[in-house]
Amino acid sequence: MTLSEVNAAPVAEIVQALGGVFENAPWVAERAAGGRPYDTVEALHAGMMAAVRMAPEGQQLAFLRQHPELGGAAARAGQMTEHSIAEQQALGLNALAEERAAEIERLNAEYTKTFGFPFIICVSRHTRASIISQFVRRLDNTADVERRQALDEIGLITRLRLVALVEGPGMPVTVGALSTHVLDTARGRPASGVPVALYEIDGEQAIPIVQTLTNADGRTDAPLMSGGPVRIGHYELQFSVGGLLSSGGRGFLDVIPVRFGITDAEAHYHVPLLVSPFAYSTYLGS
Amino acid sequence: MTLSEVNAAPVAEIVQALGGVFENAPWVAERAAGGRPYDTVEALHAGMMAAVRMAPEGQQLAFLRQHPELGGAAARAGQMTEHSIAEQQALGLNALAEERAAEIERLNAEYTKTFGFPFIICVSRHTRASIISQFVRRLDNTADVERRQALDEIGLITRLRLVALVEGPGMPVTVGALSTHVLDTARGRPASGVPVALYEIDGEQAIPIVQTLTNADGRTDAPLMSGGPVRIGHYELQFSVGGLLSSGGRGFLDVIPVRFGITDAEAHYHVPLLVSPFAYSTYLGS
Amino acid sequence: MTLSEVNAAPVAEIVQALGGVFENAPWVAERAAGGRPYDTVEALHAGMMAAVRMAPEGQQLAFLRQHPELGGAAARAGQMTEHSIAEQQALGLNALAEERAAEIERLNAEYTKTFGFPFIICVSRHTRASIISQFVRRLDNTADVERRQALDEIGLITRLRLVALVEGPGMPVTVGALSTHVLDTARGRPASGVPVALYEIDGEQAIPIVQTLTNADGRTDAPLMSGGPVRIGHYELQFSVGGLLSSGGRGFLDVIPVRFGITDAEAHYHVPLLVSPFAYSTYLGS
Amino acid sequence: MTLSEVNAAPVAEIVQALGGVFENAPWVAERAAGGRPYDTVEALHAGMMAAVRMAPEGQQLAFLRQHPELGGAAARAGQMTEHSIAEQQALGLNALAEERAAEIERLNAEYTKTFGFPFIICVSRHTRASIISQFVRRLDNTADVERRQALDEIGLITRLRLVALVEGPGMPVTVGALSTHVLDTARGRPASGVPVALYEIDGEQAIPIVQTLTNADGRTDAPLMSGGPVRIGHYELQFSVGGLLSSGGRGFLDVIPVRFGITDAEAHYHVPLLVSPFAYSTYLGS
């Protein structure tokens, strides 16, 4: 759907098309329709968020309460909007290891008891590990701060959903990305053919995300992560430089691990490797 | 025992004191006694090795055959010289995981069948992983080359044993070492209080070796490995710089792993870390 | 003029338009006209060079002899094609310091005496210092090798002239460039507002070439050198990081000079600076 | 003279031996003699400084006034204590270029007019450039602050003089130093035979200080500066790595200049170079 179509369509059609953007709350789309025309998708999203924020307290709370529990029974049973199903599945929240499922269940219970609505977070911006740490951190918030935080997270969630549904000018979706390049500082040229593997580090576990090779420019053909927020969490890049350095390196360097944290889901992280047979350096580049 | 005492003592006493240096072969000490006086411990060791190399082929072969199997039944049962027991235990060869014990048993059988004597290696210079790779590599040797290699390994083994027994001038025991230091390039000073952990990397396993903190000079109070050969193998240093960089680093760097190989057991490996909140470099220093 | 126009025009017009590309040799354009049509500018240039290489020895030599002396009386008096005047002036060869003018005069005389034609070099690819060293080096060539070298240089010269005259497909003019960027590795972001100055190093002299500031991306708005070959020679970049590091750097770093050589006039040299208050690194990047 | 001798000698002898430590003020040594015995040279120096600080205002001021002008007529005529002559000559203050001599003369006049005594500074801790900048900076002080500063400088001056005269325990003379080492990160070993030159940078001028070669450890046989305070100022190290990298480096790196400031005359500055054919880094090490 284009933004022009959104601006021109009857309200019922708007609700039909965008009613699912806000979880179980078609009234948000309906009210926002009253604010048309919108010049940009950004403005449309702002209109929808304004509808939520201006809603009577009772309705707002009811809205928050309608959100599915994270990784909960609804998640496992698939009883959520398709959006939520897809988002939670992408992170594997429908298939957690038993111990972690139990931890999330316990946190869910404590959170709901404390704040009166389920824990809401923009799942697409997080790894499982960072969701847990957000959970723990936010349990310490006051009720007011946490209500605002929940609405902010809804803003992040619905922004991504809206962008996927409406084409049009002006949603400057700054998406995150992770990229790398490898430079051979002994030969003065990009290092091509170097195997690069990316892992998410979750406690003791290293979960493989992508495996690729550097090309003639010492870069990977595609960014290692891109196309949306990069999940906040801990990562390890492994550069297999053994073949590049071969016998000249006397076996000193083979697989070079570079471990780093991503704390800004909308930033572009460029993490290059400058390598010679007996030294390397890495940095957060631009 | 001092070298002067070795030079002055009756032969029987020499055999008593040094007879165990060469596995089950007191005759080596006995013959070497005939070459006294020795000016240096180095010369004494050379005299003993000469006795072995000049022995009639039959005796030399019998000598090789008397060596215990690596990680074999004798190792497990403790039926070896005390030297061998200590050396094999230090590497945990008496308590191998089942799968690896089976692999070594198979290699032992194949080796003994091929060369007519057990696989001899200076265990103190190797990790378990490098012993396996030496095993595999040496099975491809010709009989002549491998007999020489076995004698060379005996030279390395007995040299270390002799040094521990005889005090005196002239054994320039070049021992290996691993050291590090951490420099904070944002503040222009050594980084103190940084937790440093060393692991041996054995396939997927990371075996902890030592855990320490950097001191006011950014160094560790003692080398991470020293006092003898450093075991040939793969290692990972982990520098926990999270506290050093704290909030200034926005969570980009926390634990910095540095993985490297040691291929020369008698060399000094200095592996420093130069770190600022968003960049680090490491190198083989001196 | 477009390549299509070149392909369609009467010969006289071609000679009129392109006759000056080869110094005082309109016959080159005339003969090359016979090889039309040309699919690419590259092919047109190849046709012209073929005309030169296939010319009878006498004509070829006469052609070489018609070239102006480098920085010679003709240069000073402006008696050359406009092309040559512009090329030599761009390098200041019309206004050399006395000592160097004398050196070039001496080299010109020796060269002409040795080879029977003046020293020909694609001036646009060189600094004054590298022209002198080429002069000296080429005086050692055999007559045959040097004749080929002179023709190769004419190829380089005329290629640049032709590209400026004829628009059309297929001249993959790989032009050289020099660029930089500055990264603040203590703050994890591009260093903006850093004054960057580029000097050509000619013996003891540092000749200013360009002075600029890094922008928000830590880059310069335009490459430091670009738009043609980069002159072979020695250079120094000076990064004034004092303001960036300010008091945190305790005055350790202020102006950082990075000195390097350019040996490939058609390559892109990217020379970045990674800097924290007490450390920096630089490299030939891509 | 040893500290024990100082403690035991008659007062007249003390005055004879140490009377020149404080410029034209033998009474300082005389009074300090009353405080004997001193356990350490440090304590002896503290005793002498206490005598100065406790002197009646008139005597203190007279003492300050007796100091020679910096680079003034007395300096040029040699009318100072031998200490002052040696210290000012070491910095070439007796033979300044005309322009700078004029500048110092002007500053001397302004300073004396402002504060009523000549500008006193521990010359051994400064380059000519940093003396000028101290001069300018201190002219802005209040009279009180500047009197204290002058006494502090006298403390620094006399401390160095006393250490040279009295042997004994407890003067923890932290002397400054400048050292370097060069590491070849492509070959994984110290870079030996690399020419290293140190220059003092004084405005546009580069004044040669020392020229040497790296040894087998990649270090210089002696520190580049040591044995006393290192003069506060700007410096440039030049590492001639062309021979080390030779043809592998394609002429990219040849002479690597490293420019830095020394702001702490009593610190040890270690400024290493890690170099591979197409990259290098340097840092303030320890």
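Letters A, B, C and D name the chains as they come in the text, with residue numbers starting at 1 for each one.
In the analysis below, a residue touches a chain if its C-beta (ideal position, glycine included) is under 8 Å from a C-beta of that chain, and two chains touch if they have at least 3 such contacts.
Remember, predicted model here, so these are calculated numbers, not experimental data.
Chain A and chain B touch with mostly matching residues; of the residue numbers seen at this interface, over half occur in both copies. Most remote from chain D, judged by the distance between CA-atom centroids, is A. For the pair chain B and chain D, the distance between C-alpha centroids works out to 49 Å. Work out the mean CA point of chain B and of chain C, and you get 58 Å between them.
The set of chain B residues that touch two or more partner chains comprises 185, 188, 250, 252, 274, 278-279, 281, 283-284. If the chains shown are joined wherever they touch, the resulting network links each chain directly to all the rest. Across the complex, chain B is touched by residues 185-188, 248-250, 252, 274, 276-279, 281 of chain C. Residue ranges of chain A in contact with chain B, taken from their complex: 234, 236, 250-257, 259-261, 263-264, 274, 278-284. Against chain B, in their complex, chain D makes its touches with residues 181, 183, 185, 188-190, 217-218, 274, 281, 283-286.
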